[in-house]
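Some structures to go through are shown next.
Look for chain A in each of the two complexes below; its partner is chain B in the first and chain C in the second.
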Partner chain A sequence: MAEVVLRDVCKRYGNYNAVDNVNLTIRDKEFVVLVGPSGCGKSTTLRMIAGLEEISGGTIAIGDQIVNDLPPRERDIAMVFQNYALYQHMTVYDNLAFGLRNRKVPEDTIKAEIDRAVDILGLRDLLKRKPRELSGGQQQRVALGRCIVRHAKVFLFDEPLSNLDAKLRAHMRLELKRLHRRVETTAVYVTHDQVEAMTLGDRVVVMNNSRIEQVGTPWEIYAHPRTRFVASFIGSPAMNFLDGKVRRNGSGFYVQAPGGTFHVSDQGSSELAAHDGGEIIVGLRPEHISLSETRTENALHGRVELTEQLGAEQLVEVIAEGAKIMVSRVDAERELKPGTPVYLTVEPGQLRYFDRITEERLV
Partner chain B sequence: MATIAGDRQTASRGAIPATRRRSRLMGERLYFQIGLILPSVLVLLLFQVVPIFIGMDASFRRWSLYDPDKTWVGLEHYRYVLSDTNFLFTVLPNTFLLMVASVSLSLALGMAVALLLHRGFAAQRLVQTVVLLPLMIGPVISSTMMRWTFNDQFGVVNAFLGWLGLGQPAWLADRWYAFGVIVFTDVWLWTPWFALLLLAGLKSLPKEPFEAAALDAAGRWRVFTHITVPMLRPVIGVCVVIRAIDCFRTFDQVWLLTGGGPARSTEVFSIYVYMEAFQNLNFARGSAAAVIGTLIIMVAGLALYALINRFMDVSR
Partner chain C sequence: MSLASSAAPLPRPTGLFDLLRPGARAAFTILAVSAVLLLFLAPIIILVVTSLRPGWGVYYIYRGTEFTLANYFEVFQRGVVIKAFVNSFVLSTVATIISLGVTVTSGYMLSRFKGWLPKTWFTSIYVFRTVPYISWVLPLYVVNQSLGLYDTFTGILAAHVAVHVCFFSWIMKGFFDGIDPSMEYAAMIDGCTRWGAFRRVALPAAGPAIAALGILSWLWTWNEFLFALILTGNRTPLLTVTMAQFVTELGTEWNLMSAMAVMAMIPAIIITLFAQKYVIQGLRI
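Presenting the complex of A and B:
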């Protein structure tokens, strides 16, 4: 059980910074998810914690010990790989036992540990099989078992579910969550799937271009994204961004956007006070937009371009003065033909404002 | 070819009934295919298959230069070879000893070299080239070189031993020393071949199991025995089978180094056949020995193959 602390961690390949000044504290027993697009440095960060990549700068500490110069085996960590990395020529039992045997653990202790792990993971009937005789989900559970038997200080997961089909992935996601509640070990999980990040993480770390963009609970990340990137990466369908102009209206403000204007909440007014007359980006989540076919005050006027029927809801793409706006949670039974004029409104408190140049949230 | 046939088919559609059209086109394609392989089949037949049958036929006759009738004698030559104590107690043991020693030593050394090259180091490219040099030198040249290297009066080995103040054995005049030199030469010649193939095998292995093993606290030796070797088994298996069969017919090294001597004590199978056929001019007896050798290596090869198949099944 241990805390993991990354201080100014860098990874350089020649002139290219794969990981740039990452600072992060992962608390004891916490489940932290690193999420970001491919090439953002999340896997490299994980592999540096594991000791599979050298650290070019900064320090990584596990527990109270700085591990920069420790080989992987002395870091007391366990890892699940994307392709499971099972030992194909060994039985499931031997796969689970390998790490313990290398550490000279007595055979009866090994047996007891494996017994415990197979009960947790439901692998009892598969112990004598070879990995290639198992399904993807079963192989994944063996890989998890390899972590459980070790009682490692930290569990690392490198996109462990991305080789599974959608249904199994959703199932294993729940299993992982249950497992973490049961074994209570510090866990670092890397994924590019925002749903996994939101559902699994106690905290989520959003990375982009080798840097951390934001760290927070899933709700914080969703509700208060610090940058346009975070806002666009988290949430599905993605947040809409419109170019807007800030206008004063007596003591308050409003924002002029393609197709109409938005009222700004009191909170929003304080955020926008410094940008009177300036150009900003307005972010509005598809699920916060209400769509009406009758003229409404303080609404954006546009026309339906496309609809996507999902059964429980419809996604509607609206074009307002050339700007594309996605609207979700539209009643599935509503009939909206392309070209229908519609009015879009959003609760002022749900609007997010970003600087047009730095793309950071305005505060 | 397929596209030409396809074009024809569409062009002539309707003119000829479908079945006839198809069979004619198939026939055309077949002729083309036969035409392509015919030259190599002819060469193979004329220079490999026919001589093999002539040789087999010869082994049943009195096929010597002073017997133009080539009288049929049945299994007489086989009986001779199989009761020849030299063949049974020197030639065959020597052949298998050379096979086992050469294959196992060059496999072990080749593996070591491959692991070294796989790890990568500063002068790796240079070392890689140097290590592979023996592969580029003809066996005749390297064997001649080795004969001089181990020459008891002028060879570097004895010069070096003399400089160290050690004894200077007559390398090629003693049975076991001479056999040692043969094995040494063969290992020297074939280690690079093993190294090259095993290196290719190593490079094709996925890296994740090795990373998992590093996290699983496996030491270098455990990684080698429990991860690397099992994963390389298919490559090792194929290398060993090919090389073992090939080793059975070793000729040049032995011929040039010892000529089978001293006193036929280092004679191996190919030398025996050559001596019978072309030194004693007893073609029939040589042929019989060759056929026996073929049968032996067929059985040995199949056994090895089965063994390695089982070995690989375990890894699966």
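Presenting the complex of A and C:
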């Protein structure tokens, strides 16, 4: 059980910064998810915590100890890899026992630990099998078992679910969550899948271009994205971004966007006060837009371009003065032909405003 | 929880062969198999028959009826033949053991590490590999002469180990490339040193490949002729060279040569049959 602290951590390959000045404190027993597109530095960061990658600058501490110069085996961590990395020539039992035997744990303690782990993971019948005789989900659970038996200070997960099919992935996601609640170990989890990030993380770290964009609870990340990148990366379908102009309207403001204007909430007014007359980016989530076929005040006017029927809801793509706007949660039974004129409204409090140049959220 | 995919198997792509009628297909297969058998089996059959014929009967083996085992007895009465068998066996085995030690580690290094050392090593064995190996022999002869290693076991052994290392490090690199390195990372996190991860995880995973390579090395040395011819003399007789000595100024003793060739084939055949499984498995990684 331990805290993990990254201070000004860098990883350079020649002139290229794979990880650039990352500062992050992962609290004891916390489940933190690093998420971002491929090449954003999330896996490299994880591998530096594991000791599989040298640290070019800064320090990493696990517990009270700075581990920069410690080899992986002395860091007291356990790791699950994307392709499970089970020892192919050993049985499941030996796979689970390997780490403990290396640490000279007595055989009967090993047996007890493995007993406990197989009960948690439902591996009892598989102990004598070799990894290649197991399905992907089973291999995944053996890999998890290898972590559990070790009682390591920190669990590291490197995209552990990405080799599974969609259904199994959803199942394992829940299992992982349940497991973490049960073993209560600090966990760092890397994924490019925002759904995994949102569902698993106590806190989510969004990375992009070798840097941390934002750290926060899943709700904070979703509701209060600090940058346009975070806003676009988290949420599905992705947030719509429109170019807008800020206009004053008596004491308040409104935003002129393609196809119409938005009223701005009081909170929004304070955010926009400094940008009177300026150009900004307005972000609106597809699920916050309501779509009406009758003329509405303070709405964007557009035409239906495409609809996607999902059964429970419809996704509708609307074109408003050339700008594409995705709308979700449209009643599945509603019939919307391409070309139908529609009016889109959003609660003013749900709008997010970003600087056009820095792409940071306006506050 | 099973991952068995429910998707139907993909239809096999059809080629010209599939367009033939079944009868034509069978005829085609039989023809192809016969051609291969003729090519590979006929020489062996001729060799075995020749080895069983008396000396005067070797030129018309297809119609003689006299068969004898005398050739085998005669061959084995020559001391040099026994010595050659022993020498070749020891040489193949020792060379294989030594070279496996080097090829396995150097293949691993080439597959896993970057930097000037693997790069230089790779380039040098690449160069040696591309040079026709005949062109090593004369310089090696001179070197062995000057070091006093000519016609010694050590001299020929060193040459064979060098060839093994250059030729087989590549293959070994390929095997290790096929083994996922995250297994070794997992081992390092599980308490192994870098060397321990290699020894306890990568090495066993490469087991079939190593067995395959061992067999290939062993057979290569057992069958090798050129080095043996140039780098050894009477003091260190080797199988292939001794066999060639049945070509004399008075003619070629085909019957004796064949008898010896058949004997020489036997260990190779045994090893191949016994180890075929490993070779195929190993080369498939």
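Structure notes:
We adopt the following convention: the second predicted complex is superposed on the first by the 363 of 363 C-alpha atoms of A that agree within 3 Å, B and C clash if a C-alpha of one lies under 4 Å from a C-alpha of the other, contacts with A are read in each partner's own complex, and residues count from 1 in each chain.
In this text, a contact is a pair of C-beta atoms (placed from the backbone, for glycine too) under 8 Å apart; a residue touches a chain by one contact, two chains touch by 3 or more.
A quick note: this is a predicted structure, and the numbers were derived from the prediction, not measured.
Superposition model on chain A: chain B and chain C are shown in a clashing arrangement. By the touch criterion defined above, A:Tyr87 reaches both chain B and chain C.
In the overlay built on the shared chain, the residue A:Lys130 is in contact with chain B alone; chain C does not reach it.
Of the two partners, chain B and chain C, it is C that touches more residues of chain A.
In the superposition on chain A, contact is made by A:Gln138 with chain C only, not with chain B. By the document's definition of touching, both partners, chain B and chain C, reach A:Phe98. Of the two partner chains, chain C is the only one that A:Leu168 touches; chain B does not reach it. Shared-chain residue A:Gly14: touches no atom of chain B or chain C. Of the two partner chains placed by superposition, chain B and chain C are both touched by A:Pro72. Across the superposed pair, chain B and chain C both touch chain A at residues 50-52, 71-73, 77-79, 81, 83, 85-89, 98-99, 102-103, 146. Interface of chain A with chain C (complex): residues 50-52, 71-73, 75, 77-79, 81-83, 85-89, 98-99, 102-103, 135-138, 146, 150, 164-165, 168, 171.
By the touch rule above, chain A contacts chain B in their complex via residues 50-52, 71-73, 77-79, 81, 83-90, 98-99, 102-103, 130, 132, 146. Those residues of chain C lying in contact with chain A across their complex are 1-4, 180, 182-183, 185-194, 196, 201, 204-205, 207. Taken in their complex, chain B has these residues touching chain A: 206, 208-209, 211-219, 222, 226-227, 230-231, 233, 314-316.
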